[in-house]
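In what follows, chain A forms one complex with chain B and a second complex with chain C.
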Partner chain A sequence: MSSWLDHTINGLIVGNVYALVAVGLALIFGVSRLINFAQGSIYLVGAYIGWIAVVQLHTPLPLTIIVVAVAAAIVGLIIERFGLRPLQNSVRIAPLLATIGISFVLDQLVMLIFSPNPRALPSQLPDVRFQVGGGTIGPLDLLIAGVGLTSALLLFVFLRYTKLGWAVRATAQDRDAAMQMGVDVNRVNQAVFGIAAALGGVSGMLVGMYYNQIDTAMSLQATLKGVVAEVVGGAGNVPGAVIGSLLLGLVESYGVAVLGTSYRNLFAFLLLVVVLVVRPNGLFVSARQAPPEPLTGTFIAPSRPVNIPRWALLVAVAGFAILPLFPVSFYVLQTLINAWLLGMLGLSLTLVAGTMGQVSLGHAALLAIGAYTSALLSLVLAVPAGLAVIGGGLMSAALGTLLISPSFRLRGHYVSIATLAIGEIVALVILNWESVTRGPIGISGIPPLALFGYDLISPTSVYWFSLAVMVVLALLQGRLLTSHLGRSFRAIRDDDIAARAYGLSLNRYKSIAFIFGGFAAGVSGGIAAHLYSYINHETFNTQQSILALTVVILGGLGNVVGAIVGSVALVGLPEVFRIAAEYRILIYGIVLLLLVRFRPQGLLGTV
Partner chain B sequence: MSNIDRRTLVKGSLAAMMAGTAFSRAALAQSAEPILLGVSGPLTGPNAQYGAQWKQGFDLALDEIHAAGGINGRKLAYQFEDSQSDPRQSVAIAQKFVSDPRIVMELGDFSSPASMAASPIYQRGGLVQFGFTNSHPDFTKGGDFMWSTSVSQADEQPLLASYAVRRLGLKKLAVLHLNTDWGRTSRDHFVKAAKEYGAEVAITEGYIAEERDFRSTLVRVRDASPDGLILISYYSDGALIARQARQVGLKQTICAASSVYSPKFIELGGEAVEDVHLGTRYFPQDPRPEVRKFIDGFKAKYNGQEPDAFNAYSYDAMNMAAAVVKIGGTDRRAIRDAFAKVKDVSSVIFGQATFDVESRRVKGAMNAELVVRKGQFALWDGKPT
Partner chain C sequence: MTSAPEALLALSDVNTFYGQAQVHFDLSITVARGHIVCLLGGNASGKSTTMKIILGLVKPRSGEVTFDGASLIGLSTPQIVRRGIGSVPEARRLFADMSVRENILMGAFVRNDRDAIAQDLDRMLTLFPKLGQRLSQRAGSLSGGEQQMVAMARALMSRPRMIVMDEPTMGLSPLYVDRVLELIRSINQAGVSVFMVEQNASLALEIAHEAYVLQTGKIVLSGPARALKDDPRIRDAYLGGSEAA
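Presenting the complex of A and B:
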């Protein structure tokens, strides 16, 4: 029984660590209705500034904390001023993407300056340990708890009892009304970003000391766990974020206790999905509050799509089709194969996110389902590869729609977070369901693509095959969008209440969109599996989901041709920047930021 | 389908193109251009640190190779393409290398998904893929152009099991392993060997690479009441586990796989890694001349920094590549055949490396039993801790 006490204590300790990030996220969400994906990067920057202070300058702890807080706050203010403020009249999705771009840039800068090697960040507190249960806790545990609770309390008081705090809350409720009442909205945003960044920086430093280890990979993990904790507690609710974090820590700890270590994150993301489905506003936000999401299509940029004449499309397709007849290198063909595969994923996501308004951050899961189904069909049941790929598409359509269906009632950001969680869950199930997926060992020896008994091995034949599949899917999707289904999808995206009033069944249309989208993504995953011959749980990761979303936004939400143009650009750009070696992801991040800043509706515009 | 006709037509034109490249390759060999190796590996992304370590090892080996006169008077150079260990990028890089006539062979990639996705392209393109960190048992089964100097876990894990069970006398073990293809394969070999040597494996726990918090895992370990902890980890997670094991009150002997062998392990683990036992392929005071040359050269080149396991792998790999190119010249097929011919190449990891032609791997890694004493790696003196 004493183990349960230990598991409880451990859960609270790690929940403590999550709380530091979650509080900063909650504060920003509370004001700007924005999930700040750069919060983890500020946490990273804080950790490295702490390293400079402690290891190079030998500052004492109180001074270290002040140095880190001030430096991180400055970074936060810079992000707010140059990254986000220019976007405030833009669509809601623009700042979300901007934070993703900013986090790329910050992470890469830290990596370039400090090298990706992990570093030790020694704790500056005396090394005394207190016996609690079977284990011990140290002064850092108490300090982290203290910082988390105190900052949550201070923020609570600040928001409730100070003038600037009222301004913050007024801005959160209705930005335009607050401005009319004379609230300087920019100052409010500055204050919030400064505070949140200072908190983020200090927490990165403290967590670094806690583990005596900092490295550039800590940013994404911190953001993921922070987002889960924040949403569980109720987005935008600062005390809720602390309780959500502790709850998350406990659930993970008990999960490990019951099933073992490799199930840990599975419990974290299941908790998130359950909370979202049962109480979409989070555990500690009353359901009577106004929904924290825009009701109508303001999430997505209204714009006039660029009209591309039909003959130009025909010429482009024909041009790409005859490209292998010219002496182009296989490298170019392979890069374009990657673009076509990403294009299929882009088609899927542009339908779901753009046309239907369900912005998915877990689309890689559909690839993985398609890839595993197709690989296993051809290896275990000896199904010909061509049919197996179709099987992968069908399985992805069915399973993907089934998995996402509980979150059909969610809106806006919450859909993104739910899909992010579902994506992680699928990856973890693949890792742990060894009897079927072979776990971390992965599936090797997947036969190459074949069509009517002919193996498609040469880059040229794979090129034509994937181009043809993508064009067919694109034509189908184009046809779908011009039918009454397309109009219904867009009606639901633009105003789901009005759509419902017209008698459209939201669930049915969302299912149709996910079935079609799941099929396209599954086919893409299936082809990739046969192309690579080896896949495991890491092949289709979160980065792939984020890339797909970038493709869709770059091309223009809902825009079929745009998704393909976006894919070619985003597969091509990093290849073009290849000469820049270590700098290329940095350049990529900057390009993304500029794009969001100057053309948020995408290259070809929203349909 | 007119497509089929077109395909045959294309094949014809491709054959013509290839003949052209073969011709230009022959012409190139005469020039004073360096012989170029392709490297596909992570320079950015979550595994970037390993790419950076590879570069250090490569550069040191190249300095020595050039100081000794290069490859029959020609210089050797590498072109490092960043794959982020992402299969989508590694396949594009593979096509790039295969269609670049200057590249005579390829080294890498780092992770199994990235490496093995590219294998079919290298195999069909007839370019050697020399995967020097690829321990996945199926890597060299990709074809006769796949060769690896990665220490086979079937070789390494029985040595670790022998250290833990026979030498340290541990009887009931808890195994913590990275839940990757490497960690899983290693765990299976370790558990098998440990059981053969008469120990009981009380619990095995796999964890994902991003994990930072092991306290709950360690409580599970404690409840299984083992007398020793086995870490099949890299240095950063190994150091975290050791620290937290001491924090939750576990005082058992810790024995770790050679992959934790890095000065960073001690830096990150601090006092908690004191008395941790580990098997390694070489150690700082190792008297073997090839190890002395490597360690002294490394420290001189990189401001006194101690080399770690990944530095050694890449250093060995570049030396092996040089030895192979010396025999095989610049023809890609001849290079593949040369892998079967090289004998007793001086190696930090193997002492003398010779490929087993059947498995296309090298057997017989060196073994040393170390322990951390006073913040230093030292040979274990046989005294219990």
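Presenting the complex of A and C:
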């Protein structure tokens, strides 16, 4: 079977590319216990710098590689210096969120400068294939393999034989002790960010040449693949990251060979989830090593929440309730409906991420489950839309909790990775399960909302309906937080070991939080489906997950009123200032960065 | 002991806080050049924080820390190490996945004189002969006592004028405890001042010149070690002031 050899070669080549990304992630994680979610953005930047060099400047290949490596390294150094170093003494969640914000800003800048349309990135190499055994191999394959091997060798020499390399290893093993040997940890951070960025940038350029196409969607995919490879190899383990990458490349390549290209990513994320569940420290970490991240206590910024008197809340709700009675435009109502829908998602995430401390990066998946369930119930089974929405909420609560349950034993950044992966898996299942979800075509003709036989078509009625649902959910959640359940949630967030020692079952309380959160998000997705009348696998994407995260951080993690205020602010203010759509994501990213830096407790304070 | 020895390290009126909680109350400690000074105290008395203050890992809210006449306040840990302070941290804190040899050489990180570093490595192997056969072994695979030897060798490799040690005898077998104390004395005789934090008062007072007793952030007792050895208040300070064991 010659094709198997081809798939193997392809898998190893793609694995090489992943390795360039994953090794950088591993270096950074080793030194600063941070998963750099901006790594994919540097990869993207590298690809576009490569495009400028090749297409505009006509540089020869060796020079192109050097230009990309140097330029990407500079981007990495800037990120380290201005994005992350100011957060050194901040809460543990801050650098993670900062890298997410940075990645949004970088991706959007690239998109604004180069437009979202794909571009061709020619490889500058002759287009020939050599017969090797039963398969074929091209010059680009050899180049990628060569760059991978050379980088590995250089990195080995650096870590083993240079003073700075020793400092990197020492810092990775014991930061405080390294400082007491006179190691300047800031320089070490700079070094690893520079190296990681150079490798990531070159990787992006090579991938662009490999597929002869670059576009802005590359970024998130690269981050995800790099993180998968790194976690599979064992976070912070540099050789492990290389092996994890090659393994990932092979798994994907064989998977694609068996089932087709649209399954490629599914294999990556399934591999990740399996590794996280079976060996959360990675395949190549021996048990003796302490878990790399005892994230307890100061995970979120401690603060005193702003006390809003009950009458003020009542006045605010009443004010919004009677708003449609005044001559306001359809546009205002539409904007506020979006805010209420986002508010429900915010309630869900603020409970899970803020109160429970499980920072979910895949929350849009809960929307998607709710939306698809509700849409299909009403379309296929002719369930009335009102009931279908509740069905969507219940399905999201049940399925969401079930899907996330394998990651209940994870902590800190690992929860974020797992939720991100689960979110991607949900989107991929929706894409591939055509008999039920109608695959890439999406579901159209979803009936409008209805309540007790009356269609809710006018904007006013939809407005009242969504406002009412959100207020009810908020009241329930407020009640939940003041009960012993809320206390238990916070106890687990602040110190899960102590909480367990007091007899709290982590699984039970995490389940309860996800069930409630899943319901709120599912209802939001359900309402959205009936409102939009058309949904597909991209309607609820990672950007929405990050938007929701920005909302709850803006409002104050765990803060119920804050989640709603955050939604109104993030949905409303861009409308007020008439900001064009393509700048919005950029602004969300900047808001996230500024918040993390200057007001990590949010507007209304964490609870 | 004819003239009063000159102070190498001095903490004066240091007040330290962790959030709202005050850890040190007007703490003042002096380490004379060439002396072994020992800081005694029970759990949560603020001993380890004192080490961290000296090393710049924790910043005091007020007060002054000087080394050889110059202030250490505002300097980073690496800068302080470069001034000539070597550290043997609590629980050794070796770089577990690096070899013993690499660990010892990490101690010379602040130096650039290759040949002299190589000579010092040989010197360490005569001072700690056991480490000779362990050089290529992972540091994490050594026994506690051997790790303590590596940690001390590592601290000496920077050619410090003073070494600070956080509980150097903690968790060691009695045999190694004696060995470590012996080594501290010989390091000191070679001209290195020593500031050590210890829980084991009777052992520490054997080798120290002066001692301070810290209780909930305040110095409650201080003086020459010989005088303190028989002082009943030492025991009282440890047991919180009232009952006897």
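Worth pointing out:
Here is the rule we go by: the second predicted complex is superposed on the first by the 552 of 607 C-alpha atoms of A that agree within 3 Å, B and C clash if a C-alpha of one lies under 4 Å from a C-alpha of the other, contacts with A are read in each partner's own complex, and residues count from 1 in each chain.
Definition applied: a contact is a pair of C-beta atoms (placed from the backbone, for glycine too) under 8 Å apart; a residue touches a chain by one contact, two chains touch by 3 or more.
All values derive from a computational prediction rather than experimental measurement.
Of the two partners, chain B and chain C, it is B that touches more residues of chain A. Contact with chain B, but none with chain C, is seen for A:134 once the two complexes are overlaid on the shared chain. In the superposition on chain A, A:304 makes contact with neither chain B nor chain C. Contacts of A:182 after superposition: chain C is touched, whereas chain B is not reached. Applying the stated contact rule after C-alpha superposition, one finds that A:431 touches chain B and leaves chain C untouched.
Of the two partner chains placed by superposition, A:484 touches none, neither chain B nor chain C. By the touch criterion defined above, A:173 reaches chain C but does not reach chain B.
Shared contact residues on chain A (touching chain B in one structure, chain C in the other): none found. Residues 55, 57, 76-78, 81-82, 87, 89, 93-98, 102, 105-107, 109-110, 140, 154, 158 of chain C are the ones touching chain A in the complex. Partner chain C is touched in their complex by these residues of chain A: 163, 166-167, 169-170, 173-174, 176-185, 288. Residue ranges of chain B in contact with chain A, taken from their complex: 3, 6-7, 9-11, 13-14, 17, 43-46, 48-49, 51-53, 80-82, 84, 86-89, 91-92, 94-96, 98-100, 111-113, 116-117, 119-121, 124-125, 136, 138, 141-142, 176, 179-181, 183-185, 205-208, 210-217, 219-220, 222-223, 236, 239-240, 243, 247-249, 264, 267-270.
Across the complex, chain A meets chain B through its residues 3, 6-7, 10-11, 13-14, 17, 108, 111, 115-120, 122, 129, 134-138, 211-213, 215-218, 221, 252-253, 256-257, 260-262, 264-265, 324-325, 327, 329-331, 333-335, 338, 341-342, 431, 439-442, 444-445, 448, 457-461, 464, 528, 531-536, 538-539, 543, 571, 574-575, 578, 581-582, 584-585.
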